[in-house]
Every structure is written in C-alpha cells, then in structure tokens.
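This is the structure I want to talk about, given as structure tokens.
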Amino acid sequence: MPKIITFGEIMLRLQPENYKRFGQADRFEATYGGGEANVAVSLACFGLDASFVTKLPDNDLGRAAAGSLRKLGVDVSNIAWGGKRLGIYFLEKGASQRPSKVVYDRAGSSIAEAIPADFDWENIFAGADWFHFTGITPAVSDGAAELCRLACVAAKVQGLTVSCDLNYRKNLWSREKAGAVMAGLMPYVDVCVANEEDAGDVFGIKAGSTDVESGTLSREGYEDVAKKLRQRFGFKRVAITLRGSISASDNRWAAMLLDGDNAYFSREYPIHIVDRVGGGDSFCAGLIYGLLTGKDAAAALEFAVAASCLKHSIEGDFNLATAAEVEALVKGGGSGRVQR
Amino acid sequence: MPKIITFGEIMLRLQPENYKRFGQADRFEATYGGGEANVAVSLACFGLDASFVTKLPDNDLGRAAAGSLRKLGVDVSNIAWGGKRLGIYFLEKGASQRPSKVVYDRAGSSIAEAIPADFDWENIFAGADWFHFTGITPAVSDGAAELCRLACVAAKVQGLTVSCDLNYRKNLWSREKAGAVMAGLMPYVDVCVANEEDAGDVFGIKAGSTDVESGTLSREGYEDVAKKLRQRFGFKRVAITLRGSISASDNRWAAMLLDGDNAYFSREYPIHIVDRVGGGDSFCAGLIYGLLTGKDAAAALEFAVAASCLKHSIEGDFNLATAAEVEALVKGGGSGRVQR
Amino acid sequence: MPKIITFGEIMLRLQPENYKRFGQADRFEATYGGGEANVAVSLACFGLDASFVTKLPDNDLGRAAAGSLRKLGVDVSNIAWGGKRLGIYFLEKGASQRPSKVVYDRAGSSIAEAIPADFDWENIFAGADWFHFTGITPAVSDGAAELCRLACVAAKVQGLTVSCDLNYRKNLWSREKAGAVMAGLMPYVDVCVANEEDAGDVFGIKAGSTDVESGTLSREGYEDVAKKLRQRFGFKRVAITLRGSISASDNRWAAMLLDGDNAYFSREYPIHIVDRVGGGDSFCAGLIYGLLTGKDAAAALEFAVAASCLKHSIEGDFNLATAAEVEALVKGGGSGRVQR
Amino acid sequence: MPKIITFGEIMLRLQPENYKRFGQADRFEATYGGGEANVAVSLACFGLDASFVTKLPDNDLGRAAAGSLRKLGVDVSNIAWGGKRLGIYFLEKGASQRPSKVVYDRAGSSIAEAIPADFDWENIFAGADWFHFTGITPAVSDGAAELCRLACVAAKVQGLTVSCDLNYRKNLWSREKAGAVMAGLMPYVDVCVANEEDAGDVFGIKAGSTDVESGTLSREGYEDVAKKLRQRFGFKRVAITLRGSISASDNRWAAMLLDGDNAYFSREYPIHIVDRVGGGDSFCAGLIYGLLTGKDAAAALEFAVAASCLKHSIEGDFNLATAAEVEALVKGGGSGRVQR
Amino acid sequence: MPKIITFGEIMLRLQPENYKRFGQADRFEATYGGGEANVAVSLACFGLDASFVTKLPDNDLGRAAAGSLRKLGVDVSNIAWGGKRLGIYFLEKGASQRPSKVVYDRAGSSIAEAIPADFDWENIFAGADWFHFTGITPAVSDGAAELCRLACVAAKVQGLTVSCDLNYRKNLWSREKAGAVMAGLMPYVDVCVANEEDAGDVFGIKAGSTDVESGTLSREGYEDVAKKLRQRFGFKRVAITLRGSISASDNRWAAMLLDGDNAYFSREYPIHIVDRVGGGDSFCAGLIYGLLTGKDAAAALEFAVAASCLKHSIEGDFNLATAAEVEALVKGGGSGRVQR
Amino acid sequence: MPKIITFGEIMLRLQPENYKRFGQADRFEATYGGGEANVAVSLACFGLDASFVTKLPDNDLGRAAAGSLRKLGVDVSNIAWGGKRLGIYFLEKGASQRPSKVVYDRAGSSIAEAIPADFDWENIFAGADWFHFTGITPAVSDGAAELCRLACVAAKVQGLTVSCDLNYRKNLWSREKAGAVMAGLMPYVDVCVANEEDAGDVFGIKAGSTDVESGTLSREGYEDVAKKLRQRFGFKRVAITLRGSISASDNRWAAMLLDGDNAYFSREYPIHIVDRVGGGDSFCAGLIYGLLTGKDAAAALEFAVAASCLKHSIEGDFNLATAAEVEALVKGGGSGRVQR
C-alpha cells in the first residue's frame, strides 16, 4: 500500500455552533485540523497508509489532537512530544454575504518552536512514497521553515515524490517573506498545488484575466499561471483549484492540472456549502491518491475535484469521504439521492 | 370524519446532528418513523381519524414509539404488543453532492416476526373508510407480507378503499422477489402510488425517456408508466411523484395523477431541503386526504404535492403541516413571508 | 459621537432549535429583541452612542433583557423598572415554502402598561441627535401610543431628527386603528421608513404595479408610493425596503430612498437566509448611521441595504455587523471568501 | 379500570439547562406541567384512566401542551379550547444552599379567564370515580375558583370521591383570601392533602413543634395538624407530606396519613434530588392509586411516598414512574442497582 | 511493554442525556462499550499494549466502534469484519432511589454469529502476555461461547495468563446455562474476578452473611466465597469487588483479593457517581495492570480499586484515567482539590 | 455608592460539558473569568460600582470578554486595548475522587505584555474607594508584577483601601519568586485574604496542625497563621478561607477574619458543588461588600462566607448571587426550599 508522510501543524479548531458569531457563542465546537493533517486524514480515509508528523505538547489537549488522527487511522508514531502549547484557531462560519472569519492563536505552539533534533527524517521516510507539506508550515516560524527544508532534503535523498500546496496566509507572513522562503523550497517539489490567488501572492505570478472577488474563472489565465510556475521551478505537475465564490453559502468548484505540457480542466461543481475549510487540502489528498494509485492525469484530477467537492458538504477540517464515495461522484452521482 | 387505517413498521430513527457523518456523531437525534406511520401522522395532523397498526415490543422503546404517535393524535389502540425488538434505522443527512445514507437495523423486529393472530382485521377495519400500506411492509419478512395480504383481503371484504405506495427498497429485498410478492397484492389495490423509479424496479415498467440520476422529467414518460400500471393491475388511480434531484440540498418536486384515463400534472416546486425522508409518505397522505374530503382529481393532486412540498421543510419523518397550511401553499403562498 | 435614542418594547424571543416546529421543540433558544431595541443595538455595534428606552419588570427576566443590550454597548440607564411582565414572542423559523411563524405573547407587558410619569423625556433627549421609533410601539397599547406622542413632541422641542419605521403588524391592531394613530404621529417624523406593504396597510397608499406575494419589484411603483407618503406628511426623506420573497430560504433584498425629490435605488442582494427577523430594523440603523455620519443619500442608502443584507446572515434579532464589515460589503466583498 | 378526573392549569415550563441561572440561559428546556395535570399523568403512567380538564388557547403552544399529555396516555377530550394565552412558569433549578426559583407568568391564561359554559361537568364526570384538584386552581382567578366550586358540586352529585391538595402559593394570593376561598370548597372534599406548611398558611392550623426551615419533623405535631383539619372540615382522610429540606440538593421525604382516627407514618427516604417540582403531585397520584386499587391505608401511604420519592429523580413536572417501579421501591429496592 | 488481548463484544451505547428517562429522550448520547473492550481501553490508557478482538459489521457503525478504540490507542488489527449488525444497548441513567436501566438489543450481532474461522488465535496471541474475557461473551451465543473456549485453549498453549470476570447477566442467559458453560471455561482461568453476586448466580457459591440489596459488606463472607471458588476451580487468584449500593447516586466501593491463601482487603471509597457502568471492568484492568507491572498483591488490589473508583466519576463505559492519576488516588489524593 | 477598582487578567474559560474529560469533549462551554474580574462581577451583582482594569486584544475574543463583564454591569471603560491574544484556561470539572484539572494557556496574553503607559492610574482611581488585586496578576509576567506595584502606589496616594488575595498558583511561578515579589507588594495592602495553603506556599507561614489534603480544619492553626501574616506585614485585616475537601463533589466551607487582634470564625457550610472555581474570589467580593457597606467584622465575614457558599452552586467563574440572596442565606435560609 502506498505510504505518505505529511508534515505541519494540527490545531484545536474552536467554532461557534451553527452560524453564530464569536460574540454570540457560549459554546464552541471543538475539532482538530490543519493543512497537512487534513491531507493525511483524507488519505487514510481513502485507505492508504498515511503518517502525520508534527510536535505536540504532552498535555491533555495535545493527546486529544493525536487521538483525533489515530481514530481515523492516521499513523501518529512519528509525532514528537513536548513544547508549550497546542495552536488554536477560532472559526466563525459565514453565510450568504457574510464571510467566514478565522482568528489564529497559534504563536508559540510546539511545532512553531520545534527543533531539528525532534525529527529523524531518515527513519520517518523509510519505506514511504510521498511527502507533502503546505506553505502554512514554513510560515509558522523560521524554525518550522528550516524543518521543512530539512524534510525536503531528506525526502529527495530517499527518492520520495514531494508535493507542496502553496497555501498563502496573509496573517502569518508577508508576501515578500513568503516569496523568499518558498522559493528556497520549490526546487525539491515535484507537484505544486495552488489556489487561484496563491501564485500571485507568493511569487507574483498572476492570471491576467481573472478577478478573484467576482469569481470569474478564465481557463486560459490559469493555464498560463501554471505554465509560468512550471517554467520557473521545474515542477513535474502543477494543479490549480478554481473556486468561484458566489457567496459564503454557494461556490462553484473546479480545478486544472498541468501535466508536463498538457493542461486538463475538470468538471465544475456548483456547491451548497456545509464547511469549506480544508477544501484545498482535500483536493491535494485526492490528487495524491489518484497519482499514487495509477490513474492518468485527467482521472486523477477528476478524482481530486470530486473529493474536494464532497469535503464542502462535511463538517470540520477533515474530509471523511471514502474512495468509493468519491468514485461514485466522479461517475455522475451528484444528485444527492438517498442511499438506502 | 373519515377514518383511515395504515399498517406497517415504525422504527426508531437515529440521526447525527445537523450534517454530521456517522463517524462524527457523539449523539443521535432520536425520532420515530416509517412509511405507513408517517401517513397516519399526516392524516391526523390534517384532522382525520387515523389509526396505525403494527406490533411493538413491550419495552420502553416500543412504548416511546407509540407515544410519539399518540402525541400527534394517531389512534394506537390497534397496536399489538410483544416480540423482541423495535426496528431501528440510522440516517446520515446528506448535503450538496453528498447523498443521505440509511443504515437499516430492522431485522428481527416485532412486526417482522408478527403472526396473523396478532391482528383482528375485522375489528380493526370496523367503521373505517380507507386502508393504506406500502411496499416496505411486505419486504420486511415473509410473515409481514402474509399479514399484508390478510389485511388487504379483510379491507376489501369490508368495502374499504385500498392504497399502496410501491416504495421499493433495494436493501430489503431483490427486484425479483418484490415483483412476485407485490403482484400478489396489487389486485386488492384501488390507488397505486409510485415514485419515478418504483414501477421499473418492482414491475419492470419503465418510463423510457427519463434519466433518474440526471433528474430529467418527461411528462409523457410518466403518463405512459401510469397507464401501463393501470392496465396490468386495474387500479382506479395511479399517482407518480416526480422528484428532480439537483443535489441533496435542492430538489424539484411535482407529481402526476392518472384518474381513469385522465392524467393530471401538478405544479412543480423548487425545494431547498430540510429533511426529505417521508416525502413520498406525505404525498400519499395528502392524496388520501384530498380524495376522502371530496376534492376532484386535480385539486387532490395539488393538495398532495403541496403537502409533500411542505414536508421537505420539516425535520423528521412526520409531516406536521396542517390542512390549512397546505391549502395556503396551494393558493400561492410559497414565498415564505413571516406570518405575524 | 452622534447619540441616538430609540423607544419601544424588547421581548424575550423563544425559538425552537434549527428548523423545528413548535410542537417538536423540547427546548427554545432564548434571545431578546424588538424593533427599536434592534436599531439601538445595531447603532451601538457601529460605534455610535445609542440608548434604548423602555419599561421592564424588575425580575430576573427583565434584568436579563437589559443585560443583553448592555453587553453590546447600548445605554440602558433610561429604562424604567416596574410593571408585571416581560413581553414574549415565539418564533418558528421557516424554510423553503414553509413560512416563519410568530406567536405573540406580549399583552400586559410592562411597556404596554407604562405611564407618562415613567419617562422624563427632557432628560432622556438631552444631548441626543436622533429619535427613532416604529409602528409597533403605538400598536402595543393606547398608553404606549400616547407615550410615543409625548416622546415625539419632546424630541421636536429639543431639535432631534425623528425617524419612524411604519412596521405594520396585523396581529396587534387593525389597519383602521393603525391608520388613525400613525397619522397623528407622522407630523413629528422627518425620516419615514416602510417596507413594501406598510404604506398600503397603514395609510392605504399602494404601489399599483407590485405583487408582494409574487415578489415582483417595480421601481416606478415604489417611487410613487414614497412620493405620495412625502406629499401627505411632509417627510424629508422616505425609505422603502424592497424584499423579493423567493421562499423562506432565499430572498432578494434592496431598497430605495426618496431624498427631497430625488429617488435613489440601491444594489440588490440575493440572500440565502439565516434569520430574517430584524431585517427592516437593521436597515433603519444603517440609514440612521449613514445620515448621521455625513454620507450622501445614495451612500447612506447603500450602507443601509448592505447592513441589512448582512443581518439576514446573523442569528437573532440583533444585527451584530460592524461598520467596517458593512463598508466591505458595499465595496464589493459579497463573495463570502474566508477572512484569515 | 378506575377513572379519575383532574382539573386545573397546565403551563409551559421554561428552565435554563442544568443549574444555570436565568441570566445565564441562552436556551430553555421546554416542558409542560401543573399540579392537577401532573396528577393525571402519573395516574396514566400507573395504568389508570385519567382525564385532565382545562382550557387551552387554540394555538401551537396550547396544542403542544395537550400533546404532552396525550403522549403519556392522558385523555384530553374534555379540554376546552379558546382564550388568549398559555400560562408560563420559569424555573431556575437550585443546588446546595441556593434555592430553586419560580417566576410565574400565568396571568390572563385561558383557564384563568374560562367561564362556566366551557365545561359540561355532568358529561365530564360520567363514569368517573374520583375528582382531584389543588389549591392552585382557585388561586388563579375568581373565575377559576368558581369553576372549582361548580366541579365539586357536580362531582358530589355524581358520587365521586373528591380530593384536594391545599398547595398554597404565596405569589398567587394572600393567606386571607386563600383561607376564605378554600374554606368554601372543603365541604366537598373527602381526602385532603397538605404539605408541612399548607395547613398553617391557608387555615392557620400549625404544627406547634415543627420548624420548617430547619427541616425538623415532629410526628406528634403533624398528627395534631391532621386531626385539627379533619375536625374542622370532616375529611375522611388527611395526608401530610413531610419534607426535610437539608439543601436544594438533598431532602428527606416521608408522609403521614390520618385514616379516620388512625395515623400512619411512612418510611422516610433520603433523596438526592434531580427535580423536586411535582413532588407533592406525585404523592397525590400515588395515594389516589393506592386507595382506588384497594390497598389499605398503610400500604396506600407507602405507595404514595415511594412514588413521590421516585419523582424526585425524574426531570420535569411529570412523574413517569410505573406502578411496578413504585412497588419495587416499596419492597425495598432503593439501592439503585443497575437493572440489566 | 506487557501486551494484553481481550475478546468480546463492543456495542453502541445509547443513553438519554443527563437523567432523562427513555420516554423523554429526543436525543441519545452515542458512545461505545462492552466488558472486554472497556478493559482494553483502560489498559491502553495506562500505557500498556492492549488489543481488542471481536467481529464487527463492515458498515459505518462498525467502523465507528473500531475508531472509538483506536482513538484511545487500542490495537484493532485483530478485529474480524463482517456479519450483520453492531450490538446496541440502551442505558437510562438512574439517580437516587431510581435504578439505572439497561435494554439490550444485541441479538444477531456480528460477534454473536462469528465462527471459528474468523479468528487466528495463534497469530493473535503471538507475543502476548495476558488474555482476558468475561462471562458476558459466552452468554451472547453458543457460537461465542465456543469461540471463548478456543481462545482459552490457544492462550494456555502459548503460555498466557488468563483472567475472567464472571459478570453474570440475567437478561442474556439462565443461571443454569451460565453455570454449565462457565464451568467448562474455568479450568483455563488463572485469575477469576467476580462481584458480590456473580459467584452465587453462576456457581451457587454464596456469602452467607451478605445482603446485597441492603449493601451490607461482610469481609468474612467474601473471603469464604473466594476460597470456595479457588477450591473448586484451582484459580491462582480470586478478586471480588464489594459494592455497597446506598442509592443510584452514592455507592461505597472496595474489593478483596485472594492470592494463594492470603486474603487482602482494600481501602473503601465513598463514591458520588457520575457513571457506574464499566466499574467492574475498570477494576479488572487495574488488577491486570498491577499484576503485570510487578506490584505485590496488596498494591495491585489497591491500584485496581482506586482505578475503578475513578471510573465512577467518568462518563461512558471507558475508564480514561491514567496510571498516574490512579497512583495519586492510591497515595491519598481523594479530596478532589483542583489541579492547577 | 462605593466604587471598587480591580486589576488583573480575564481569560476565555473552555470547559467540556458536564463532567466530560478533555479527551471526550467535542464541544467546550465558553465563558470568561479570572480572579479580579470575578470580584468585580460579584460586586456589580451586589449593586456596587465596580470597574475592571486589564488589557485585552482588539479582536472578537477580546471584545466578547469585555461584553461578558459589561452585561453584568461592570464598568469596562478603563480597559486598555491591544496586544496579541486573550489568555485561555481549559477546565475539566472533577467529580467524586477525580479532581478538577486546569490547563493554562495564558502566556503572551495582552495583559502579560502590557506596559505602564497602558494605564493612567490617577484617572482610574479618581473617586474610587477600594482597590483589589490577587497574587495571580504579578505571577503572569514581570511586567504585570510591575503594573501591580504601580497600581498599589497610586492607590495608596489616592487613599484607597487595598486588598489582596494571595492566590498562589504553582503552575505560574515558583514559591521562591512568589515570596519575593509578593513581599514587595504587601506593604501597600490593608486587607489580606488567603486560603488554607497560600500563606505557607508564598511566605512559608504554616498552620502547624492542619492537613490540607485530609481536610482537617484547626481554628487555632488558622488564627496563628493570620496573626503571623499581620505581624510580618502590618495588615489591618487578614481573612482566611477554610475549605474542607471531602471530594470534588462535596466540600465544607468556612472562613475566619482577623480584625486587629480579634479573630472571628464563620458558620461552616456543607456544600454539594456545582462549580467551585471562583470560590475564593466570591469570598473577597463578599468581604469587600461587607466592609464597604458598614457591616461589623463578624457580619462582613458571615456575608462573605455565605456569598462564596452560594457561588459554589453557580456555573462559571462569576458569582451571580445578589446581596439579597446572600443576606437570606446568612439569616438561615440554607434549606434550598423552592421560592415561588
């Protein structure tokens, strides 16, 4: 069975119930999530062997975070234990014209203050096929960025495929710093994933004809961005997710994949949103699954988009869809008829 | 006041809160429901005299199931008590492209193991006008199928109108067995109700030009199916509900009624779904109400469709809409303005 | 900082969870709200100095109502304490074709039985810029209507701008009585707000070409109504909110403002509704904010409509949107992208 | 099967969750209850034929109140429909040294404004064996007191046994008025029930040696009170419940029954309280059950005390214990071992 | 690290919230539990290597049950997948004099219908030190009893220590059948655990001087029972838990251990109960932990009793206490002071 | 009206529901609290003019914290806005022998990083009578300790009475550091409050004959400790709370007050605990109230102990008891009888 390693931060996610605003909340839904952890969970739910690497505080909250992964079949034996706190993010779910809002409270987390000695990459990567990280992890701290670099080096040494989701977060670092740090990591990356804004935010590469806020999607523009990314960094593959934001309640969702010189565009799904956090992560997991299980580029892309389409209907960061459910959607079953 | 008898199974319905998946649930909403029970409840809410016949275990759960009916005015005095367990069904509510999912846990239920001596049909039908059952009940067990047959015979002897909703459930029996058993019951049936797939699944009668998954509705196709059903079994009336499944969150909903040789098509409602389970049952109740209270075919059909349209906005199996609320919708009040 | 006084009733609002019907509820969400209180809260959330005037029973429920306002920064020092009970309203939230339903239980409330000696208007209005009330308050009781008149007189003496939202409630009084009482109050009013039905219900002034139930909006019709209102009562400004009721789940929302002879029409928002109660109040608050902070007529109108658009995405009567959030929507950010 | 009629008010009971105070509540548990309704429910749960008589508003809340009774098997066919509102009481559950707190909001309820023509007592009492009311009903309004009197007259004419629980509520009327009104009703009463304070509050009859606040129980004192009550009004039986209030969390609970000249004292239960509202009502129901099913005085008393002991462990006003459960406790099973 | 295998059934546990009765529940808390699963979880929480063996249906519910174990670190790789359903038990939590109530709905579960080919005991026991089962598993079905026997044989062959908790359940089998079946398994058992009634129920061995219902504990009586058990079956150790049932809310809790000829009695804890289900299982886990980690008999007993004392304060079947928490209680920290 | 200023940290308090452990929680109750904030709230609930001084981050969480105070009538106009985060503490509620557990996550909070320029003490103390702080605030950071010192100096200059609750927290600082820092603050303190361990932890002053874990209280020992404290620092008054920890569910609670040379001991309350966090703070508030409203030493002490006794029955950090409720308990009403 293919084995995937992902590395990053998992946080406690605190969300007011339903569509309540922060100031109305007298209780928070408590789940766990974070870019690379989300990818590991989705891959485990697809039935692959996924291991998540991070550092967690050795207290009840750190253990609960690990338990949330273990419950879903993610290997947690590579987690380092120690440090001061579990990162937290507060999520206020938006609706209609009111956007979702995230308040990060992750400074000083165990992974942000982790050191190289916490991780024995050679051991961690033994027997593995793929390494995935996102642009959030190097943004967490300089130390975490260095850990990413060390992991990338070790992954390449051991012959793993490396994928990276650019995932720019403006509240964690500036575009300038992101550009500099990420540029240093890209040479190790085989498969680059970005959303419709990331390439521009991080590397200044823009799709001329696309207006993100208006949700207009231009196939040519995205293909152009992907090709420029490939040109600059030599990626084998570049995938871009295409989100058409109609409102916080309704989105259109599609993606493209540049495989060598060939660009593939997926089917587009009109989505009524339950929870869109983790949408990009579920796309990455779907793409990794597709490529690792031998699908061709077009099929892998369709699997990835269908997987992430389903994620939008699932509460929490984690995509709990099975591979069979994704395949059913790919084959046309998007009508939502009761299964009984 | 018209009096209606329905016969079948009522189950404990366990559903994760909101749109949580089974694996995320640390609590289940507990309600009760089942095809024929749902019809009885809706008729009671419309103000008619409805009695539900079943067998329930004489324990706290069986009593709670009966209480849920009694609370809404359904007569429960014909329920037989005994047997081993209350049937259960688990429901995971779908959203957008993710379909709702039902896990049945109803084997060995009291009604599945009931025997003819449990029910004195002559007594039960005394003074009644209408008998309704669905294709789920004979699917539950061979014994239940025989009970259906006995009830049909008794109903005809006493001059009741008999209606049956075909309601094919692939997890309960095969198409072959369904076809054989149901064909034996149809001679007793005056009014046959089906959804857009049932006629094909049970009797192999298909609307050639309709693609259920794509949600395409063809008036001609349905009329054709209804006429073939009438031809084969001699029904007085055949009703077919027409569900256009856009997604698990949004459906189009309409129906047709073949009354003798005349086919009527209802208004079509675009529905944003709260809970679609019981949609077909609420249509049956609406149709029975309409026909029993003297509406003409077209009006009865519109009442039935409007009733079931409202059901989709109500949590649980039961349609709690009043006749006045249904009439208001029929008269055009679908804009959902606040009533204050 | 501009200071606004609003006067009316605040009630305990009891609502079944999610979309449950009254008969299904075994618990009620308990919040507080009422037309003029809602306006005060929204203005306080925008950062202005807002004071709400009412009479509340001196018991735990009255104190909780006051606390709900104080929490959000509304001045409650002008509230009179005494009387017998806190008014209550029960709200059943509608969905799709099922309308929301309100059961009022407000007879005999402290404010309905308040007397002139309860309020020292001269003191209350000292230093204030604006006085707002709605047509609900005089509908509550004859005494409350007289209190409104006294407040209006005092407000004009002290040079405040007076605004009134007609807000006709058919369950509180007849059209005839409403017309007579409101006509007596209009001479004090500078800014009149109405929804698409109020002018007709209260003063018999109708927009000939508009069919409210069908949700058809005619710009000319509304402009005509506004001008007739202005003609009859000499208002400086007349605003009309234009709600296109597609269903209880989806509305279109816009407004017009007649400023002197000039009529302005706002952008129209397609809204997926979380809670539409208080929509009109949030429009009033937005308009007052816009006019008091020096926006021109068109900008004030756009602010008001955007504010009330956001309200529809927020649970409860109160609009908790900040001025910055409203401005962001006015500037085009209606795509609901996650803010992180 | 013995048939019992009870008459009084059923209210919506709104209670903050767990031990939250009113000011902390953002939701209320919604149940229904009231002295005589509680008695009817308990008798129905014991398997007797119980009918509750009241007047309810013909709206969703009134229907929900009736449904809560019907669910548990109480006959609601004698309820009159109409009037303005359903009475409400707010309950804040106490703990340890903090007492439970009740805020009544029942003025103007349908039953408070009911008139003699609402009830056809001759019909209602046909075939019945027992009539029960409490001192709360005549306290609700002068009209309700007159209805009690009419009911008592009719009950005696038809030969029913009449029981009354004195149940003095200081927030509803003064001791003076209570004494006068209740004295007029006592001549119709066969079985009088009181708690340790009622006789003193209503009729000035006190147990010299008992200090209620300190929870000291004196057998002689209670016997003395019971005998004085019997002497003054000629009751056949007088029962007094003996509550030893250690704190809001822990009580001692026992009772005495004066049967003719013989006084019986029950076993005393140390109770860890889940919900003590309705404790006295459950005692009445237990006593009526015991006497109607042929138990001797001592056994009826033990049944009544055990029934009400169990009530203290059950949430809500209603005692849902079955006769078998009560008998098991009487026989010694108070150790709370798991039944599996 | 010591490795323990436990074998039995894990069920979905459905419990009304707080102290609600079954008939009041409109939602159920959903957790998972079962005697041997509980033991495995507790051992995993103590840090040992615990593996739970069972058969689960390959559906969402079966997977959720496995996930609940995996989350807490229990090895689930030996679980067989297949069969028809997950067993369920409904739990109504008692309070004060009202006992907790269990409704089993476990007939036809996957483990009840499992066959020898489902389990490769040689493989399962490889490298393991201890095998634990309870008297519930052979009671589930004849097949399950046979599986127990096969497991015992294999365990002895591979030199594991075998422990059995007699755990008689009268709703699953008769005393006669229990006696016969269990007598056939006892020869394989090294450590026998029983509560104060089991020995009598299963083998007719009684502690003459103890009255279970009254909660009276007699040291001599228990020692006598233990010795008789040892005599008959040749156990190395016999442990008996001593529960003094004051009420469903308060218990006394202690235990004795017969080690060879020496009897040890533990400290007794007065317990205010949060959840007593799984109390005996947590004792077994504590005893196994103590014996496997080299404690002497007295210390192992104290650890076991303290572990199970803590379990009574924890919701659900599972004892989530850590070894450190148990040790702290053993050392005297039962005063419940806040740890901060 | 007396005016009190308190200074310290208010945190978001996150607590699993009911008695769930951290690892079981899928939602947290979200309230706010902290030593000095709790004192301010209690004084505001008693009707005094209380102002809480702190620094809060200018985000949704900081504003919600302030709103929780404003709701209850605490003046928040002296709060400084800025900094990086709101401190958090996680609370797992204990029961029986399982202690409550606190996980602090407060490093880097706005108040921990506040600077002298954030607070204009002269202005803040204008017109105030009393200043209160606890030993937690100087433990938060060196900066916060310096802020405490500056506040004390300013308070003495303006003639305020200064009180300090020693409140040692071993997770925030060592005994050595606490001793050194607190010794520097004590000269400004008029009224010193401690619990049964603080004096020993901070200053090495012990009550020889008391064993805290065993809950044994020795009047002489406490008097001795109070006198030594007075001797060393010259306090006018020293109060010591005496908690007898029977278990996490039941405590005994009393206090002593050394007023000059006279020692007073309060009544002792046996408490069944709902929430014991904030117990000491509520004592401080009660004492300040008593002393500021002219009670003599013994009466002030009784008020303080009764106030804090009631706090133990109230969820959350805040004591929501009114002065009237406290007086009622002082006068003997501890039996918890329903108030209706």
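As written, the chains take the letters A, B, C, D, E and F, and residue 1 is the first residue of each chain.
The rule is simple: a contact is a pair of C-beta atoms (placed from the backbone, for glycine too) under 8 Å apart; a residue touches a chain by one contact, two chains touch by 3 or more.
Computed from a predicted model, the values in this text were never measured in an experiment.
Student: Kindly point out which of A-F, B-E or A-E repeats the B-D interface, defined as over half of the contact pairs being the same residue numbers.
Tutor: From the options A-F, B-E or A-E, the copy of B-D is A-E.
Student: Quick one: which chain's Cα centre is the longest way from chain E's?
Tutor: Most distant chain from chain E: C.
Student: For chain B and chain C, what's the span in angstrom between their mean Cα positions?
Tutor: So the centroids are 44 Å from each other.
Student: Approximately how many whole Å separate the CA-defined centres of chain C and chain E?
Tutor: The computed centroid separation for chain C versus chain E comes out at 62 Å.
Student: Which residues of chain E are in contact with two or more other chains?
Tutor: Those would be 18, 21, 23, 26, 67, 72, 101.
Student: Could you list, by residue number, the parts of chain E that touch chain F in their complex?
Tutor: Going through chain E, the ones touching chain F are 18, 72, 269-274, 306, 309-310, 312-316, 320-321, 325, 329, 332-340.
Student: Which of the residues in chain B end up touching chain D in this complex?
Tutor: Against chain D, chain B makes touches at 67-68, 70-73.
Student: Name, in rising order, each residue of chain D that touches chain F in their complex.
Tutor: Touching chain F from chain D are residues 18-21, 23-24, 94-102, 104, 169-171, 212-215, 245-250, 276-277.
Student: How about chain A: which of its residues touch chain F in the complex?
Tutor: Touch list, chain A to chain F: 14, 17, 21-23, 25-31, 59-61, 63-64, 67, 84-86, 88, 90, 92, 101, 103, 105, 107-108.
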